[in-house]
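See the structures that follow.
Across the two complexes that follow, subunit A remains constant while its partner is subunit B and subsequently subunit C.
Here is the complex of A and B:
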């Protein structure tokens, strides 16, 4: 080291540090050439199972909030043409680079039900739990601690600020409210891009980099199905799934 | 100063007796056929305890009034027999009082809890669990199907753990979140807890019974007034204890029949 020129050394170090910071900032953008999509639909073959009605009489607020509709369980929701709602689609094999999601999704408690019933998200993605109800809820997801996800249980009285959380590991986590035992939903934590089917059973997984993948469709009652797809750079692959009613 | 203190004690004692004598914070009106002896017992306990309280306070005030000033040359008299005599007298007085209340109270309690329900009492099962009550009606076959705790699933609303595919008796069982009963009909309530200690308290019905985990308990009662009452848990059972409640609806027989039909359609 040239001890006679400390200014020169400091300047060289500064340049090195700036290059490192620049690399960190620019790096993900270089990897993010991920504009391919995987689309398709998920259907249920056979008669949809009977969904029990919900007796909310424990809480008069919930009864009143649902006065104009008959609430029922949402474990299997079949739309027009046999489309299956709330199925989570994600890439279970083939992803090489980690993805970054900046969207903050909302898991709302409305009319003493969860909306959406299934919230899919990336590992580490921040999501918000909100309440639209004028009655107290508690949000109690119960993951398997062996996965690295830590269970929590938080009360949210009317008007309380949103609860912001994220999950460390991929897992399908059941969520419930102990005050209203019928309230039941899912946090579907997966690695990488994901999609949830709409009311007609259609989905689109966006931001998929080119590559060969295994796509998995997960339904809370019927379990998982997989298909292999190839996505060209900026292209679109198709994968349709059909679950068999038990 | 001591005289002001003595008067204050009497004023406080009398003021605190007023709401009790006037039944300001009394139990809500009784809607059960068994509630009268309980209310009588309650009044008696309040009267005896209240009179003893007043007597003690007045005595205390008199002593303060009379003996607060030191009187030179006068010696304080001892209670005959000394401290031992005093203790024995107090022990006998209070002991007799407490024992008598206990004996009469036990009689009122036993007349409700230790008598069997009539054979045609309507059975209803109640399960307490953090933090809700669920009720089960046996359906047209009059039989409750067996419970399978491993099948309990809130996701499927199988709160009791019924196997409706294999157990014939469970197929027509009706599970509800509200307890409706016909008026003037004896109910045999079969109680069990899913997790820990809870209780079943309906003040209007004069029914208050704990759930003990692992024990199947039962109580029986008849409601004689149509109305909607609150069932609350009075054993601190966790975070949501304050919200652990359900409603009891006492209905006419016709209303009850149509309610049960509506509930059966929800299963």
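Here is the complex of A and C:
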């Protein structure tokens, strides 16, 4: 059939090829340009619980490293105006395509504490565990192996090279150091874009494609809260959360 | 009256119907495990022996010898488990989680068939797990296959790649001294103590992954290491870590050659045994002194 109209066939093929190339080139760009944000703040209503001071006397290095401040537990950290720090915000419903994160975040052991106390990350995202301390730590996350996240335990003596890892499934994973039992932190593994509140309780989730979403706020003591938001192409949606002090 | 009661009863039974599946999600069921029993992942190979989880005999062996501690579902909750109080008596292994202390594979990976086979034959010192040398090799290899049908992990994961252990060099005074430096540098003493007496500053607060108290290994009281007593075993223990316990892997922080130095130094901390004659002799000759705790903690 086409043999009788070779020019018509060639033209049709050319158009088809151009459309394909166009789709490949334009497709992701359209998405990137339209990415929006979800912003807001997280507050604690009521009196913040007392955070116990930490007795580090079993390791003189740790005592010396904290000589100028009184180290406290960090389960609930409230900043100015009742802002709640270390709350993880993520999209729990509504994401249609997986995200790709290239940033390699650092979870550091500094002055015998974890910095940050909570490290949020995407499933499959590589992160580094480092140590700035001149005392030995062991980094020992304890996920539930049934989720697909397998626990491991590695030593980090002074000058140890960073440990690079990632997690397979969404889970809030507790991390501890057996040598310094007060050291306690979290790997908050979520699917898709995420944010962690700053010292004033503010956050911005970036790179959110247009759509209708459920945003979840997770705090290690107070648990989860959710809100529905609509993000317009390139727009910004707002979601403020308030947790009630127990 | 009666019909109203019936309605309530119906509602209650419906609630029950919905409650059951929620429980199933929370815990593995026997029927799931029965399915895994017939999958290719549930087999084992040690040397030229192939294990069969469906051998008929293995089910009887597990029932007779293992179920009392490890439980019908392999969750470590057998009838006897409640009487085992850590740290004196560690709780039985939970085969559903499939996290094992004694591995030749890196931390965070499944052990090899041979690792599990060795543990059954070796037993675990200072625990209720005896040496099962009454079993034939075939029975032990079959039990390895049987252990694997308790956890979904064997369906999706492969055993880790065993770490390479270079051939053992000759013990020298220099190596023993270098081993002591490694002991100081990576701070084994934080838990095991400067003299290896399990009395380091962090020893008293150690807990396992389930939050139960656990004691570090005491090198000085004649105890046998849980995962084997040979030089190769000791090397493997600190280079893979004992998963599920506070003992981490040192693979990233001790080079293979240094690892042998550390093995030789650790031998000097032990009372005389069948492995450490040479190390103790050299330590005596050179007047090796324990590390200075005060100096270390500055």
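Here, the second predicted complex is superposed on the first by the 212 of 246 C-alpha atoms of A that agree within 3 Å, B and C clash if a C-alpha of one lies under 4 Å from a C-alpha of the other, contacts with A are read in each partner's own complex, and residues count from 1 in each chain.
By definition in this document, a contact is a pair of C-beta atoms (placed from the backbone, for glycine too) under 8 Å apart; a residue touches a chain by one contact, two chains touch by 3 or more.
Bear in mind the structure is a predicted one, so any value in this text is a computation, not a measurement.
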Fit or clash - subunit C, subunit B, common subunit A: clash
Contacts of A:58 with subunit B and subunit C, given as first, second, both or neither: both
Contacts of A:138 with subunit B and subunit C, given as first, second, both or neither: both
Contacts of A:128 with subunit B and subunit C, given as first, second, both or neither: neither
Which superposed partner A:191 touches (first subunit B, second subunit C, both, neither): neither
First (subunit B), second (subunit C), both or neither touched by A:181: both
Contacts of A:148 with subunit B and subunit C, given as first, second, both or neither: second
More subunit A residues in contact - subunit B or subunit C: C
Which of subunit B and subunit C A:156 touches, first, second, both or neither: second
Where subunit B runs into subunit C (options 74-82, 236-244 or 254-262): 236-244
Doubly contacted residues of subunit A, that is, touched by subunit B and again by subunit C: 58, 136, 138, 153, 155, 178-181
Complex contacts: residues of subunit A adjacent to subunit C: 58-61, 135-136, 138-140, 142, 145-146, 148, 150-158, 160-161, 163, 178-181
Residues of subunit B that touch subunit A when the two form their complex: 129-134, 154-157, 159, 176-178, 238-240, 243, 245-247, 263, 265-267
Subunit A residues touching subunit B - in the complex, by the definition given at the top: 52-58, 73, 75, 136, 138, 153, 155, 174, 176, 178-182, 184, 220
In the complex with subunit A, residue positions of subunit C that touch it: 96-99, 107-109, 152-153, 156-157, 185-187, 190-191, 201-202, 205-207, 209, 241, 243-253, 297-298
